[in-house]
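Look at the two complexes coming up: chain A is in both, with chain B in one and chain C in the other.
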Partner chain A sequence: MDLKQHYYEDVSLFSSATIVFWFTALALFLALFPLVVKNYYIYLANYIAINIIIVLGLNLLVGFTGQISLGHAGFVAIGAYGTIILMTKVHLPFLPALLAAALIAALFGFLLGLPALRLEGPYLSIATLGFGLTITQIIGRMDLFGGREGLHAPALTIGAWHLDTDVDFYYLLIPLTGLLTLAARNLTRTQVGRAFIAIRDADIAAETMGVNLLYYKTLAFSVSAFYAGIGGGMYAFVLRFVEPEIFTLMMSIMFLAMVVVGGLGSIMGAIAGATLLSWLDLQLRNILDIPYLGDWLTALSQSYFSITGVSNIQFIVFGMIMILIMLFEPLGIYGIWLRTKIYWRTWPF
Partner chain B sequence: MLDFLQMILSGIAVGSSYALMGMAMVLIYKTSEVPNFAQGEMGLLCAYFTYMLLDGFGVALEIAIPLTLAVAFALGAVLEFAVLRRAKNPSVLSMIVITIGMEMVLLGLVSWKFGADQKTLPFPISPYDSVALGDIYISSLELLTLGIALMLMIGLFIFLRTTRLGMAMKATQQNFNAAKLMGIRTHRIMMLTWGISAVVGCIAALLIAPTIMHPYMMWDPLLKGFAAAVMGGMTSLPGAIAAAYLLGIIENLFGGYVSIEFKAVVAFAIIVLILCVKPSGLFARHYVKKV
Partner chain C sequence: MSFFAVDSLSIQFGGLKALDAVSFAVDPGDIFALIGPNGAGKTTLFNCIGGIYRPDSGTIRFEGKDLVGRTPDRVARLGVARTFQNIELFHRMNTMENIMIGRHLFMRTGLWHGITMWGPRSFAGREETRHRRRVEALIDFLELQAVRDKIVGGLPYGTQKRIELARALALEPRLLLLDEPCAGMNTEEKQDMIFWIKDIQAELGVTILLIEHDMGMVMDISDRILALNFGQKITEGSPDQIQQHPEVIRAYLGEPCHDTGHQTGISGEAPR
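Coming up: the complex of A and B.
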């Protein structure tokens, strides 16, 4: 079926011409997309792109390296606040500010990676969870960060390009997402990515085979935090406003859910999971406007539940998705895709 | 000095609810190695169930409380049977994700049914009365929490040490397969453990509900209880209890002497520091994994 005859076929970026064709088609579609759709869908695409960036980073950490992080909202917050403050207080231009904020996030990732060297399972999850909560508390209590009121994003210009509409952000975000996806893909098919996978499968065995745990585990945390920092910086501008209430534990859980639903340890899975759950997130916020289902839910809420709490259905939906994926398809959407592909390739046998 | 004693006493009172949550989590973690993030929301559901019985149906408190405890037991057992046991790939990460999923479903159900606003549980002991012990004060609800927590700890201790069922639970914890070979119905033991743990969590929630009652009320106790359980070593009941009281006291002293603003997060800073030094917590033997 998939006979590989050379080592380089195993690590090549595109395995066949068909895939190159489909990626070109996707790139063309993404380039022309804003010309044909309403503004809301461009906002939706931006929101999805940001989540893809963050989830790619988280997947490098959780899916490839096997470390748990329940504090990723903390890194996103550092990226968001860092970019705004570097632009307004230090007067850096946008791109250096974004990069610097992401590097600050990566530094925090490195620091969090140090205790993670000795921790695993529930111990690691409580340490990262504590990190995320602490960052939100500190941001909410310090005047530099605007306290509870939050901060407004400044006007955004890159050279002579003034970005003020969603379409402008779209044309900044999509190439950025593509670039970061390519970077993540490249990382996973080099020595570094293999070291990550070795650590995930058995860290002690990896260490005896010569994988430097100190280096690679902290690297995984830093890279993951860097992605979250970039995502956070863009998040601040797409929302145009940040406040500590955004970066809660629930946000970290949502990112983890995206990773798990998409598929642990797969780049395409991260993209699929982020796309599906971000879309669902925005759809479920006004669930009562959905035709038929909305009316039925209104009636159900009025007779058995309360109409004021109906937006909480999104928690039920996300929770059910997480449970069902874990119970029936631990590899997520990517696993479903793999099985479908194999089924059709060997069909009718 | 008086301030100091008062802070310690309040710390002990707060620590009791952390201890209850920590105990509930340790019970589950010991038998099934699942860090149960749904513990808080299981309690939340039970607290709102009591609220519904008392406020909506006018059931007497003496009937409502035992009924709630029975529901809590059933909820825990059913969740173990229907969800956790079905997991194909019981790695720590997938267990964490499943319990977080259950947490979200329960949270969504409760807030869909009751809305996000603050409710008041009609409880006979008001959180605003206080009892004087010499010159320091403790509210009567806190005193009740402390008393119930102590009673539960002693009760669980005796139960696990002396009864047949307790012994069977311990055997299951130590070696699942060997216990099965000895004729212990290990799956049933798991269900029972989840049930008992849900009851402990439910008691914690019922004791918190008179003071604050909204859908997110269990997040702080859950996280602090989890932090205490981790600090105590995740597998040691006395460890979790000691760590919970320690956390409560440190938190209050930190709030009193250093900064009231960062009181809520000091627990996590301490946790990270302690875990850096003792990666398996304060009271557990360090377990070295084989390749």
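Coming up: the complex of A and C.
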């Protein structure tokens, strides 16, 4: 049993040498991963990493601060379009453009955080929902954003490094995801994160203890939108093409599903949820290609539901997963992990 | 000028006058108790002082500054802390983290230093260590060592009350508002709580405003007592004076049964 000897151990990043070992192993694995797998899996890893970034931010807002956002696709869109436009029209290099776009998203986050001071629960959901839909409408109608046709991402270079392939992009994205994960983890174990959790658990008590609700609620929205903006900027280059139809309400709900499935108020949960659902999302899109099962599903769908066949099966599966999680494990994958850990700690008694 | 003074404070919820021109003053270092039947306006008064309600009229002066119109966090900044009647802890945090929120106003970590905390020697790391040491002293003082790292949501009621007191003390207040600190406790826990409250008064020199229904306790530890009923001040005085006061006796025991007795049996506090 490890006994604490210093106050810092209350908040240390890794609570034991075992954990340091596993994280090192994970880092090594991630570094070597592209050398051994097919290109499709690199694309999958990139897709997962971007979703992790966005879901980390959303979890800071929903899981830690207890506010809700059904408009996160709007922030992602701001990040994606902002990065492309700042690169093509303003001719900024990639990294400053990405940062600037994320800051613009954060500014919108701040503005959306202001009504959150007065709105709660369903009312806040509707307000953020409106925001997400508005952004898509604006983008779809302005020539600057390419309207319905969308925009193509420019070639991506950082200094002398030309990121042409998914593998190149992987080596940019994975360290960035690691950094943002660390930042989120650090935030949640220090003053600001504590204030977020305090607002979630008892906002009146938090205010009475000196936590400024105006500042911390808008900060939560800003930080969350910043993460979504970064995620969006990266997303634009994984897809290499953006159009308004990508950033729909369904996208916002999917992020929310990832937060809930992974575990509200947990960094590891955000990663787990984003990984699992992103993977499922891409796998389920190909479900119709599976022999027998795919044919059977198409036939089933065509005879009972729609003539076009199964187009949105991933959302049906997500919905089912969410219902099951809410019923059996409200803390999501993180909760399952906690229970497993506790079970093994006292095993075999 | 007095240390803490409330002057003709009134607040109305719809047709209900929850507080009606209440005035009193508290001397520094005193334990000042507020008593009165349910719905007398005691908690409403606390909520006005703490900035949760905005009174319709009147002033609340603390060390020369008017508290009316300040948000709760700014009242806290002036050195006023409180506990709640129905425990308002951060139920998914552990004891340590809960009390650490009381140190929030003293911390300068913020967003950037927080994100860049890379070890015990970084700005945030040093600050965390420093404040955790302060909190540890409070944990010792209120004998919370056994539950230091436990999530507070599942702890016994009496323990949660103590954690709430510790959290309020972490704010280093000069005025402490205690809303029924002994409610729901057994005799032993009550006795401990009384000792702590006396200690807080004597050792930390904190002025205490106390709401309590246990008359034995109130009479024992209070320096002065204010009796409220239906939002109005009945009387104010030393414990002895209060015990003798006919209005107080009537408010608590009711009137002889030949009267219509409309003053008894009122329940339901004003919405918090």
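Heads up, the rule we're going with is that the second predicted complex is superposed on the first by the 322 of 349 C-alpha atoms of A that agree within 3 Å, B and C clash if a C-alpha of one lies under 4 Å from a C-alpha of the other, contacts with A are read in each partner's own complex, and residues count from 1 in each chain.
Just so it is clear, a residue touches a chain if its C-beta (ideal position, glycine included) is under 8 Å from a C-beta of that chain, and two chains touch if they have at least 3 such contacts.
No experiment lies behind these values; they were computed from the predicted model shown.
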item: Combined model on chain A where chain B meets chain C, clash or fit; value: fit
item: Cα-centre angle that chain B and chain C span when viewed from chain A, reported as a multiple of 10 degrees; value: 80
item: Partner chain(s) touched by A:Leu119 [first = chain B, second = chain C, both, neither]; value: first
item: Contacts of A:Gly66 with chain B and chain C, given as first, second, both or neither; value: first
item: More chain A residues in contact - chain B or chain C; value: B
item: Chain B versus chain C as contact partner of A:Thr157, first or second or both or neither; value: neither
item: Touching partner for A:Ser16 - first (chain B), second (chain C), both, neither; value: neither
item: Contacts of A:Ile204 with chain B and chain C, given as first, second, both or neither; value: both
item: Contacts of A:Leu256 with chain B and chain C, given as first, second, both or neither; value: first
item: Which of chain B and chain C A:Gln302 touches, first, second, both or neither; value: neither
item: Partner chain in contact with A:Val310 - chain B first, chain C second, else both or neither; value: first
item: First, second, both or neither for A:Gln137, with chain B first and chain C second; value: first
item: Shortest CA-CA distance between chain B and chain C [superposed frame, angstrom]; value: 5
item: Chain B and chain C footprints on chain A, overlapping residues; value: 202, 204-205, 208
item: Chain A - residues contacting chain B, complex; value: 62, 66, 68, 114-115, 118-123, 125-127, 129-131, 133-134, 137-138, 141, 202, 204-205, 208, 249, 253, 256-257, 260, 264, 301, 304-306, 308-310, 312-323, 326-328, 330
item: Residue numbers on chain A that touch chain C, as the complex places them; value: 6-8, 10-11, 183, 186-187, 189-195, 197-198, 200-202, 204-213, 219, 223, 265
item: Contacting residues of chain C [partner chain A, same complex]; value: 50, 52, 71-73, 75-77, 81-82, 84, 88-93, 96-97, 100-102, 104-105, 107, 109-111, 113-117, 119-120, 124-125, 127-129, 132-133, 136, 167, 171
item: Chain A contact footprint on chain B (complex, rising order); value: 29, 35, 83, 86-89, 92-94, 96-98, 100-109, 111-117, 215, 219, 223, 226-227, 230, 234, 261-262, 264-265, 267-269, 271-272, 275-276, 279-281, 289, 291
